[in-house]
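Each of the next two complexes has chain A plus one other chain: chain B in the first, chain C in the second.
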Partner chain A sequence: MKSSVITFPGSNCDRDMEVALKKFGFKNKMVWHADAELPKSDLVVLPGGFSYGDYLRCGSMASKSKIMNSVINFANSGGMVMGICNGFQILVETGLVPGVLLRNKYLEFICKNVFVKINNKQNKYFKNVNNEVLEFHIAHNEGNYFCTKDQLKEIEDNNQIAINYCDENGKVEDKFNPNGSIKNIAGIFNKEKNVLGMMPHPERMIDTSLSGEDGSLFFKNLINNLK
Partner chain B sequence: MKISIIITLKKDVLDPQGKVIQQTLNGMGFDDVNEVRQGKYFEIDTKHNDKDKAKAKVDEMCKKLLANLVIENYKIIDPK
Partner chain C sequence: MIVNEQIAVDHGLKKDEYAKICELLKRTPNITELGIFSAMWNEHCSYKSSRLHLKKLPTKGKKVIQGPGENAGVIDIDDNDAIVFKIESHNHPSFIEPYQGAATGVGGIMRDVFTMGARPIANLNSIHFGSPQHKKTKNLLRGVVHGIGGYGNCMGVPTIAGQTSFDSSYNGNILVNAMTLGLVKKDKIFYSKAAGLNKPVIYVGSKTGRDGIHGASMASASFDEKIEEKKPTVQVGDPFTEKLLLEACLELMAGDSIIAIQDMGAAGLTSSSIEMASKGNLGIEINLNKVPCRETKMTPYEIMLSESQERMLIVLENGKEDHAKKIFDKWNLDFAVIGKTTKSKKIELYFDEERVADIPVNTLVENSPMYNRKWKKAKLPKKNKIKKEDIKHLKIIDTLKKILTNPNVCSKEWIWQQYDHTVMGDTIQKPGGDAGVVRVHGTDKAVAASIDSSAVYCWAHPLTGGKQVVCESFRNLISVGAKPIAITNCLNFGSPENEENMGEFVECVEGIGEASDYLKFPVVSGNVSFYNQTKDQGIKPTPAIGGVGLIKDYKNMITMDFKKVDNLVLVIGKTEGHIDQSLFARIILDEKNGPPPEVNLFNEKNNGETLLKLIDNKLIQSAHDVSLGGIITAVAKMCIKGKKGINIKKPKYLINEIEYLFAEDQGRYILEINKKDYRKVADILNKNAVHFDELGTISENEVYINDKTKVTIDELSTSNKSWLTNYMSK
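Entry: the complex of A and B
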């Protein structure tokens, strides 16, 4: 399985993502934002970081990069595209997934482990994950998911919510919402479920000596689903 | 021709920064502040001399990059 990780000026989780992808069997290529062509890929990842210093709105500049035309075409033809953290912010700015990510409700940069409940397993990202709840890491200032009422209705009607913030038992409640996101949304799909944007970083949970293992579960499962 | 744009958050979008500014103003003794909403201001020097052409281009820029219409409104100010 071939993956591509896009590096934008200011990306800082691109190499961690590559380590994670390689660890679980992907042949990965790092792709520079100014390139026009995407290498042949089974998965494209927009990594976390602070592309273009978060100028104007997080992800807005990166969403207009040269490489993004190829990424958008790839996604629109059914290719798997995953945006993590700043990558999620870039995805919403392209319009590939609906909504926006606002400043966290309590204006704090949040850096901690959280639990997320998988809301939809009928897709290549979460199919066959045995767990209902995963422990991931978040580190963001703008992760407060917002969309219009009409968009929310569409998102719910199409079962586009991927994961919600919850407690360790999978209870999705306001008090387990770290940043003020509507409906505790931590990640969403496009309608077709080939594009996933999420704030948590699975690539930070791939080594028991450093953190947890739930990222390993996620990546192992992902590569199997793509085979 | 220079064109100015003001971008504001839509009414029902939470503005945590505006809220903190309001609380600070209240704390400083400005009891007369009900609410603060923070926005953005741009000045764009375009190559156009025709006002309508310049405004039309800036309108396109707002839609494509400067504003996110899910959460923001924009207003193009008539050049003097």
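Entry: the complex of A and C
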């Protein structure tokens, strides 16, 4: 399986993502933001970081990068595109997934482990994941997902919510919401479910010595689903 | 403007220093030259009060590749890998403008590290604030934490450990010390020594603005009531540009174009150009019209003294300009050839085709002032006699809870959760343990780092305090299973012009030197920050020690959380019951006098090395050093982290219970071992003549003391975790 990780100026989880993808069998290429064409890919990843310093609005300048035309075309033709953290912020700026990401409710950067409940497994990202709840890691300042009532209705009608913040038993409640996201949303799909944006970093959970192993589970499953 | 003595004094120079400048130049300097002298001769850049004493520190060792004198120290961690590290203070600016002050402190220290060719892999910090009740404390703390996070998080470098304390002596002068570790191949280390004639001098990074002018001079003076007016001397950070600068520099460093490289930190273009010329015994000629400026009509004086951030000066090989420019263009950074190296041994500056400065380099560096300041030796305070009736009524659990809630002991999770501590995917021990640990990417090795200071001990007796801080750093590294290699120090003191403060400095340095020499734990880099003083009120002496150690196989790393019910808990190192200057004495007995605990370097080394042997033999399940709050506090933290309880049976033949549990004797660790390993562990400890007590066994979720007093771990955990969060949310 071939993957591509896009490096924007200010991306800082691009290497971590490449390490994770390679560890679970992807042949990965790093792609520079100013390139016009994507290499042939089965998966494109927009990594975490602070593209363009998060100046203006998180993700907004990166969403206008040259490479993003190709990424958008790729997504619109059904290609798998995953945005993690800043990558999620870039995705909402392109409109590939609905909504916006506001500053965290308590106005502070949060770096910690969280639990997320998988809301929809009818897609290549989460199909065949046995667990209902995954332990992931977040590290962000602007992860407070927000959308209009109409958008939310549409999102729910189309089953676009990917994961919600919850406790270890899968209970989705306000007190397990780290950043104020509407409906505890931690990740969301486009209508077709080939584009996934999420705040948690599965690439930081890929061995027992790190924050945990549920990232390994996620990537192993993902590559199998793509085969 | 014609320069005179008054203008020189306004620049922070002393009258005799100005006279010396005129004598060295054999003329009156012009204003640009005066600015350059004032920047190079201030305390911050010249170390004029400290140089004499710093020379006494041990700086060499088998693993030392580069000691003090470069941008950072470098140590060997085998297999052609090396760690570059240094600590730096940003105290004065952080008090004036906490967010930017702290942020640029972090940015500056990372630049020092990647200037040497190393990719930063971990950040640490030591931050000290006034009393929690002081009206400024909360905002300063919030601003500093946001600033450190804002910069480090954006750079994508994990912040893996730190230290925070509160003490009223910092009410008017907070401390912000930032430390960075970088990883480099031993044969790809870059230095700041220029070499060769007519080599192009290159300016890269951000444009130069009017920010931070006189920043280094500001940091070389005490504060007064007009300190708010100094805001313009604080630099403004742009971590995004620094991230680009990091990537661009490392890309250029992969080839062989660079002869020398130096970041523009304190005193900006002035100190960077002069240091490179001085080390290379060369001259440098700069055309200031070529310097990329952010603002219009900047004068030579402003250009030379600006402390705009995220800038580097490089001496390139001839003919490599286009290659280098291409890289910096790719990263959207300014790139300008601004001058060349010359044989004149002078710093020559041109502006609008006029020579605006012409100074022999040696007058700025070798001829800079050095003072043998007067200092006062501190006496060892008399021991207090604790009256039995003062402690008889105390309930152990209530006392323990008070200590766990104390601002200097409580959990600092509110702080470190705001720092990205997991980016780069190699953090295997997060903040909140004895030391932070990151793997050396792609290998089985890991590097441990810790940052420590004990202002109260240093204040009570500087010589003992200086030794103690080094020992604490040593212990923290050993507690995670790392072999200590070297340290960096950040020496935060009051005014060197005050004999008592100078005495504190001299004796702390002596203590640091003695301990680091004995423990073979040399000082490879550091920084001095004097004038942490408002009017005539100085801070408690606060040398901060950043220690670095190596774990050969990261799978053998030790953590402090209790692992398994029924395992045995031992204390190694002897408990004599030293209560003076302990947290217990200060907050429970309200006793602030007396000597700090004695430091016995032989025991310290022996206990530490023996523990490393036990760890090598895989006999240790968890370990934690005993520090503030004594044995019971250390044990409580291990319980909280591991969500386990303990059944403590105080060894019978010892001093009274309270003294045993709360004393702060040095050189001690708490260990968890498997019952079946007891014999082996005891044999090794006995063979090495290490004293140990059996403290108890791990239980489900309560702390029992002598089968009677008890408390649940949840209760202790709440005491420990709530103080800071509550304080910050009020």
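We take it that the second predicted complex is superposed on the first by the 227 of 227 C-alpha atoms of A that agree within 3 Å, B and C clash if a C-alpha of one lies under 4 Å from a C-alpha of the other, contacts with A are read in each partner's own complex, and residues count from 1 in each chain.
By our rule, contacts are C-beta pairs under 8 Å (C-beta built on N, C-alpha and C of every residue); 3 or more make two chains touch, one makes a residue touch a chain.
Keep in mind that this is a model prediction, so the values were computed, not measured.
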Chain B versus chain C as contact partner of A:Val19, first or second or both or neither: second
Chain A: partner with more touched residues, chain B or chain C: C
Chain B versus chain C as contact partner of A:Glu93, first or second or both or neither: first
Chain B versus chain C as contact partner of A:Tyr52, first or second or both or neither: second
Partner chain in contact with A:Phe146 - chain B first, chain C second, else both or neither: first
Which superposed partner A:Asp214 touches (first chain B, second chain C, both, neither): neither
Chain B versus chain C as contact partner of A:Lys64, first or second or both or neither: first
Chain A-facing residues of chain C, complex: 146, 149-150, 153-156, 238-241, 243-244, 331-332, 416-428, 439, 554-555, 557
Residues of chain A that touch chain C when the two form their complex: 9-10, 12-13, 15-16, 19-20, 48-50, 52-55, 108-112, 137, 139, 141, 201, 203-204, 206, 209-211
Parts of chain B lying in touch with chain A, wherever the complex brings them together: 13-14, 16-17, 20, 65-66, 68, 70-71
Touching residues on chain A, where the partner in the complex is chain B: 56-57, 60, 64, 93, 98-100, 102-107, 144, 146-148, 151, 180
